[in-house]
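A, B, C and D are the chain letters, set down in written order, and residue numbers restart from 1 in every chain.
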């Protein structure tokens, strides 16, 4: 699936979703989350759950870009460290495939505030891949 | 802080939040997330990010019920395993304090679909506690 | 497999292993690690890797007590939080099954210094179960 | 601290330790673990606990190379994914600093069997840094 395919699928599957797939080539994927004042938490910074959701989404995009439209790929584990507060900014999430096995895919994700060098969060995400019929 | 205090704080801090604190006594906390069709993902089940956000919220409630209104307590690590699909249901998250130190608090969370025995997700969440002034 | 079966298997598979299975009933398992001065780290306390190894072992025991002797059950993910220093003491690890699916088993583990109430470490461990032939 | 300093400290603090610091420059660190038949698990492959211990060690080396000899830096969280079996081989662990804050340091680690391209394990490790006196 291409970024355009993925954005169309996401728009249909997650009508409230706001992340935009900018790249997805089977090995890496990039999603941008435009800043939304509704995602702010105390400290005037984008909230942790917003970053967790973005980490999950960029890995979903990465996996589907590799294996095709298998919507029932599901997250089994997500572990995230919050490193710095992003403030009020678009977030850029970049995922990289660590392993794509028969039943499990493991990817790591770095999230940065747009324009920042240092990541605001780092996640490792495992998906379960549905068996081939 | 009591559940009523926490719900008032959350309403103010997270105008879009929907989780309701039902218990919070410094050692345990329970939050309910009423079902919302907007939280569905493929498979007709409440999405992973919805559960991650709930896990984060119930631990925030637990910690504030113990240390008082310190909004700048922030999540440093969240690790979640998704165990079963909850389907379309209210979610009940129950948190338990594993350690409250000077600078870090670690809690575990079980999330169940309302009425289910087996958890649909299990998380461990670490918050950083701001230093006393 | 019973605790006696498991201890015999472990003795054979891990000649250097020192953990003793005290209980394993398919839902919970308990292993004791006798104190060994060789496991000390700076601070005069049992080291983190010693606790990680014990967490991994007690879950292996738990899973084999449920599914029988399948040595190729392998850990896919282990996440551990170190909560308090155990000092110089036997360690008692207690595991509880959170989910046993067709291909993945998820368990949580609390480790305590012998005689202590509060856990010194808490882990969540996922094993991959080999497919039935 | 230089690699030579770190190897001297490790030899003293962990007489049974076998990992060798090959690089440690405050931003990255590399440790090699020579193959030892005693570290084998069923499947004729280096065991998971061996890799967990190595991940913990390489991050300890990385942090001490940055902050100096502070032996009471302690692991607070370690999360590891096992990706492929390394077989019988030396292991090379490479750590990279994600964040060094006042009280917490977060690093990621890739472990490879010597000569392999793909990692056999990936870990994220958080240490607590003792406060300056």
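By definition in this document, contacts are C-beta pairs under 8 Å (C-beta built on N, C-alpha and C of every residue); 3 or more make two chains touch, one makes a residue touch a chain.
In this text the structure is predicted, and so the values were computed from the model without any measurement.
Relative to chain C, the most remote chain by averaged C-alpha coordinates is A.
Between C-D and A-D, more contacting C-beta pairs join the chains of C-D. Chain C and chain D have Cα centroids lying 21 Å from one another. Mean C-alpha positions place chain A and chain C at a centre distance of 33 Å. Each chain gets a centre from the mean of its Cα atoms; for chain A and chain D, those two points are 28 Å apart.
Multi-chain contact residues of chain D (touching two or more other chains): 76-77, 79, 81, 126.
Per the touch definition, chain D reaches chain A in the complex via residues 79, 81, 83-84, 98-99, 106, 108, 118-119, 122, 124, 126.
For chain C in complex with chain D, the touching residues are 13-16, 38, 41-43, 47-49, 52-53, 56-57, 71-72, 74-82, 85. The touching residues of chain A, counted against chain C in their complex, run 76-77, 79, 103-104, 126, 128.
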